[in-house]
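Structures follow.
Across the two complexes that follow, chain A remains constant while its partner is chain B and subsequently chain C.
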Partner chain A sequence: MQEPASSKIENNSKESESLKVSALWTYTLHLADSNLILAQRNAEWCGHGPILEQDIAITNISLDLIGQSRNFYQYAAMLIGDGATEDSLAYLRTEREFKNCLLAEHPNGDWAQTVLRQFLISAYQFLLYEKLQHSTNEQLAAIAAKALKEVTYHQRWSSEWVIRLGDGTEESHQRMLKAIDELWRYTGEMFMPADYEVAAGFDVALLKDDWMKKVSSVFEEATLPVPEKVFMQTGGKTGTHTEHLGYILTELQYLQRTYPNAEW
Partner chain B sequence: MKDSKVSPPTGGGEGGLGFPLWEVFVRSKQGLDHKHVGSLHATDAAMAIENARDVYTRRQEGVSIWVVESKFITASNPDEAGELYEPAIDKVYRHPTFYELPDEVGHM
Partner chain C sequence: MVTESTITTQKIWDILEHVTDPEIPVLNITDLGIVRDVKLNGDEVEVIITPTYTGCPAMDMIAMNIKMALIENGYSKIKITSVLAPAWTTDWMSEAGKTKLKKYGIAAPNKHFTIPVDGIECPLCNSVNTKIISEFGSTACKALYQCQDCKEPFDYFKCH
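Here is the complex of A and B:
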């Protein structure tokens, strides 16, 4: 993982400084948005889980992710200034301003699809936070260190489910295959850095090999095939989303937009 | 990373679907023993531990979890309470309260 490239920037003009800051808060927003949107998706299971223990597990994960997103939003708000708050960033931005990965906004589908999505993202977040906790940016490092413990459990929980469903009954195996088919094309985006990621000094492409190793080993135990030569969809990191995000934000932001500044 | 390899359930449970009931015991941070806190369904021991963590420790109830498949617990029959427990009532000599400790022993 590259450290912030401050030593490589010869020209310390105000312009390059403010570009770096804007890259930094854009990157922070990307981290916050991915967490928030995935949390919102997982929360859709509340009261509808296949069995009580899993309803609690998935909503626990959702709460963990909301907590992480809050930390990132608060930091981004501080960097942006100009009256921005965690609430204004979460509730008042529109689709094209959101920087979450496409994978996070994908529909839940059935339980197989939900646990697979969680595993694919958690495996990525685990590697990301593991590196990020050593960043020279103290704020991001602190947030990552705390999030790492939560994500370690998310990865464990979701990988165990992928294995049990993959190496389960004929039906569960078929559902996992369908889920892989559905989600795989959105996994590439996580490792293709957007311009602001490069500018902020985080080369996420470096994580891809370790991620593939982890996914391959879990898939092998789950008797599932790792897809090859799949065209990867991108765009989420730069605000070009699927139509799903519109519906998600409509629900998420409805209250704040209908009753601005409502509190209880 | 994993506690145990996924092993097939010990038969039975929820209509033969392999989702048996487990009893959960949790030890609190200051506690010395695991207390029974409830039960849950899981396919195997590793999942039972994770479910117990999700359901029974989310409010910091404890730092150690034991899970046992319910069928491995044998309980005494409440109807037999008379013969099992009443005879002990008037046997005060079973309590270690009659021995006087010499001063040299100090606090025990």
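Here is the complex of A and C:
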């Protein structure tokens, strides 16, 4: 028996609707994961910063990022339903399920590498949240508008450090060059849309030109070269990570894995 | 026992004026502009709050303190709702709040300095000959300064 055409269309639109919802929560998880993993990395500096004020600065940034990731996780948990909570999403998913950008999980290295990683990501987040705050999705728009105020500080602070070190001493300049060499290969991924970004209607490729402009102007002031023709590593956004993520999660999730449901 | 007929939103607001910020105890949460609305749904009291900074660890404690204050005053059905939009701004801080901040030794947010730069008025000696030490201070909402005249280091509540 042939199915009436109208019900077929209805089924298709239902299917595309649920696909859209699952794309939306995967996208929201991607935003949450990138923030959480970068926050965890920055927090490793706690008590080890080069001077007290900068130790406080990097951990303040970490705190902002955790706050933003909590907002995204809470929203994702609501979309997923089925008993998901912000805690279950942060503490009980495996590395293949994490959708953060590779750049966020890269080790701290020295101070040059840490501030450069922060700048490359903050410059991206600034442009992303600027767009996202006008999204028709009210919850994402509200989180982005709030986060943008904080990211403005992160971008300014990290760009000042890139300039200070790039245009500093011979030693600091060399360290900045090394950091660029180490990190640049992970920047391309941010602008290559994952399937869920396309399905959810967020075109990150559009941010690339403005990001390059911002990075180029800061690098120029820092007397640093912008690398050309670098092979870009990808995979983080779809769950294929570098060897580093497992170690981060081991530390981050230890307590909930060892003492399930522990509270304090 | 508080019955439905005796509840008015004004009474709730009065109670909320006694809930202080755990990190800046001279300010209460209405001074800060954290409380956006108070609603009565039957005999349930709903307090709508908004976070200052997304990562502010005081927010969870503030929500708990609101509950405690209302319970102490005889309310039992309490709902705390957190909203993000519109995003909190230091414009919502009351003038009374700004005066209290200054007395406490923290420079109040100043609209002419949306980016922290040198020249924020010292809360101790009122000199504007001050220097920024760091855009990030002891809590997410503050930047660190030092007065070049009286030499006192002080916090500035960031304009946001």
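Just so it is clear, the second predicted complex is superposed on the first by the 252 of 264 C-alpha atoms of A that agree within 3 Å, B and C clash if a C-alpha of one lies under 4 Å from a C-alpha of the other, contacts with A are read in each partner's own complex, and residues count from 1 in each chain.
We adopt the following convention: contacts are C-beta pairs under 8 Å (C-beta built on N, C-alpha and C of every residue); 3 or more make two chains touch, one makes a residue touch a chain.
Worth saying up front: this structure is predicted, and the values here are computed from it rather than measured.
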Between chain B and chain C, whom does A:Asp64 touch in the aligned arrangement: first, second, both, or neither? second
Where does A:Ile163 make contact in the superposed view: on chain B (first), on chain C (second), on both, or on neither? first
Please work out whether A:Ala145 is in contact with chain B alone, chain C alone, both, or neither, and reply first, second, both or neither. second
Partner chain in contact with A:Arg96 - chain B first, chain C second, else both or neither: neither
Is there a shared patch on chain A that both chain B and chain C touch, and which residues make it up? 53-54, 56-57, 60, 153, 156-157
Chain A residues touching chain C - in the complex, by the definition given at the top: 53-54, 56-57, 60-61, 63-68, 70-71, 138-139, 141-143, 145-147, 149-150, 153, 156-157
Over in the complex, which chain C residues touch chain A? Could you list them? 51, 53-57, 83-88, 115, 133-138, 140, 144, 160
Touching residues of chain A toward chain B in the complex: what are they? 51-54, 56-57, 60, 153, 156-157, 160, 163-164, 167
Please output the residues of chain B touching chain A within their complex, sorted ascending. 1-2, 6, 19, 40-43, 46-47, 50-51, 53-55, 58
